[in-house]
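Next come two complexes built around chain A: one with chain B, the other with chain C.
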Partner chain A sequence: MELTANDIITWVNKTNEKIQNNKEYLTSLDQAVGDGDHGINMARGFKEVVAKLDDNSYENASDALKDTAMTLMSKVGGAAGPLYGTAFLKLSTSLKDKSAEYTHFLNGLEESLAGLKQRGKSQEGEKTLIDVWAPVIEKMKEQEDFDAALLKDTAESALEKTKDIKATKGRASYLGDRSIGHLDPGSVSSFYVFEALAETIEGGG
Partner chain B sequence: MKKIVNDPEYVVRDMLEGLIAAHPDTLKQIPETTVVARKDAPIDNKVGIVSGGGSGHEPAHAGYIGDGMLDAAVCGEVFTSPTPDQVLEGIKAADGGAGVFLIIKNYTGDVMNFDMAAEMAEAEGIDVEKVVVNDDVAVEDSASTTGRRGIAGTIFVHKIAGAKAAAGGSLQEVKDIAEKVTGNVRSMGMALTPCTVPAAGEPSFSLNEDEMEIGIGIHGESGIEKKEVTSANEIAEELTNNVLEDIEFNHGDDVALIVNGMGATPEMELYILNKKVNEILVERGLNIYKTLVGNYMTALEMSGCSVTLLKLDEEMKSLLDAESSAPAYNI
Partner chain C sequence: MESAGIVLISHSAKVAEGIKEIIHQVEKNVPIELAGGTDDDRIGTSVEKIQTAIDHAHTEGGVLLIYDLGSAMMNAEIAVEMSDFDDIEIANAPLLEGAYVAAVESGMGKSLAQVKQAAERALQGD
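Up next, the complex of A and B:
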């Protein structure tokens, strides 16, 4: 299966819906471990992305992803802006002049993960969104094509695992042991991103 | 939530208009941005000093714009780092050809957004250097954490780096002195009440009437420990002793002190704290060269305080004494 520019738009729209619907939930998670702005920032950013994609037409997935990235970077702020901006920009760059078929898309996601690690100076196991991105990509590498159910399940179980990790990166790290037992807000928003991707694949597959 | 706002989405926009209206002779807003700059910026051949961060810390950061301090301040959403494109506009507004120096507080988002902006500015041919302020002793510094937070000690970095640039210091010289300040400044804070971010509409954490939160940052986040509220003297002792333990202060050292309010603490209480902090420092044989008491780096309407100490050398003393026209630093 290959993702078209329209699939990317669907993906972003579905992500936006989930974030708008869970804006307060994300904020309350962030209030427990951070400064409580994650839901607000993500909702502001994705609302702008949807408007941006709506106003333009795209010939390929890469261009739609690029506008997504640039809008997130310039509208989200906080830590989430540069991180999600970088992730989508790396995916876009990796897919430039290529069709977004499974192998290419997966390579792009690997580039995104490398970008997230570099930008956040972070690794797996530090209770950040990387703890969702890394296992999802690892699982996808075992497959040969998109598998919506597997994608969603992997993202979901990775998300649950962040609850037991002690934060050593990001704002939550200041809480030390007090961070254990809480879901990482960035991991929750990343779960929405992958859940939306799974639904997009389901719809278009 | 009971606040004097219009639409919570537009608090920063509305605040900036009001801020510029209050200082029309000295400040300007860069059109289409959340950047506030000196009206006469950029200054030819002077290193531009740019700071910024989330809004909600007033008078930080725009209150420190002026001769001898900042050239531009980049205002993010409430408690949210400004985005790279906005920081880039701040850098451009401050660039008078001698390079631009960024003062960043150590929060993950601030560091990432300012780093990205610095990369963009360098791609456009502007020399950029930076310092990351990490004065908060409440959070541990270790290889596995992002390190300490930057809080009220940032004011001393603004002042001293700003004075060095005003005196004609090169970009490297400004960086050197700013690093000397960050190496010698330590702070710790506490809160009696949380604050409410307008867009969130609810307090960022909860505290019972008889509780206080020790080791808070400046974003309404909870601290490292909840405790029963004690007297001003005991609060002063806990904060000051933690700060003193963290760096080697010797008998006879000159220090500069900030007793900073978090937004909702009356000056009366800050002076009560200062009385005890003063006694502790004198007992330790330290010479208090300069004291600032007031709201310098706040967290909206949070009530609470922080104590900052900077160990001074001769150069830092003279730069601290240099004139500043910034409205929030008029000593």
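Up next, the complex of A and C:
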């Protein structure tokens, strides 16, 4: 299966719906371990992305992803802006002049993960969104085409595991052991991103 | 060589303004530009504000960026990567003390590398 520019728009729209519906929930999670602005920031950023993609037409997935990235960078604020912006920009750059079929898309996600690690100077096991992106990509590498159910399940179980991790990066790291027992807000929003991708795949193809 | 410009990047516009005021007591000739708050003036940082501040603060002596908390650094890095200038440095320094020392050193005509180094040693007191 190959993702078209329209699929990217569907992916972004579905992500936006989940974030808008869970804005208060993301905020409450971030109040427990961070500075409490993740829900507001993500809701604002993705609303702007939807408007941006709606106002333009795209010939390929890469271009739609680029506008997504640039809008997230400038509109989200907080750590999520540069992180999600970088992730989508790396995916866009990796898919430039290529079809977004499975192998290319997966290579792009690997570039996104490398970008997240580099931008956040972080790695797996530090209670950040990387703890969702990394296992999802690992699992995808075992497959040869998109598997919506597997994608969602992998993201969900990875998300649950962030509860037991002690934060050593980001604002939550100031809380030390107090961060244990709470879900990482960035991992929850990343779960929405992958759940939305799974639903996009189910709807198309 | 012109004095290197300085960009103050803070999660709060008020913090950035306040630091500029303090620096002005000792140094008025170094370009100091502010990138405080998000582009709708909430707490946070904005790549666009940082880019604009870089363009205004830049001199032939280059420009030094100083930031306050984690995400400010990420946005500073993005702004540097997107800029056409290749003489921008990011100081890993306390915002107030680092910017204060940097402004004084820049005003004395020190190079960008020296200004950055001075900012990063601001708390060492030697």
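Criterion: the second predicted complex is superposed on the first by the 205 of 205 C-alpha atoms of A that agree within 3 Å, B and C clash if a C-alpha of one lies under 4 Å from a C-alpha of the other, contacts with A are read in each partner's own complex, and residues count from 1 in each chain.
Just so it is clear, a contact is a pair of C-beta atoms (placed from the backbone, for glycine too) under 8 Å apart; a residue touches a chain by one contact, two chains touch by 3 or more.
These numbers come from a predicted model, not from an experiment.
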Partners on chain A (chain B, chain C) - clash or fit: clash
Partner chain in contact with A:Pro135 - chain B first, chain C second, else both or neither: neither
Partner chain in contact with A:Gly77 - chain B first, chain C second, else both or neither: both
First, second, both or neither for A:Gly36, with chain B first and chain C second: first
More chain A residues in contact - chain B or chain C: B
First (chain B), second (chain C), both or neither touched by A:Thr27: first
Touching partner for A:Thr168 - first (chain B), second (chain C), both, neither: first
Clashing chain B stretch [against chain C; choices 3-11, 129-137 or 201-209]: 129-137
Shared contact residues on chain A - chain B and chain C: 35, 37, 41, 73-75, 77-79, 81-83, 119-120, 170-171
Of chain A, residues touching chain B in the complex: 27, 31, 34-37, 40-41, 44, 73-83, 119-121, 168-171, 173-176
Of chain B, residues touching chain A in the complex: 54, 76-86, 107-109, 112-113, 116, 138-140, 144-146, 149, 197, 199-200, 202, 204-205, 217, 219-222, 224
Complex contacts: residues of chain A adjacent to chain C: 35, 37, 41, 73-75, 77-79, 81-83, 85-86, 119-120, 170-171
Chain C to chain A touching residues, read off their complex: 38-39, 42-48, 69-71, 74-75, 77-78
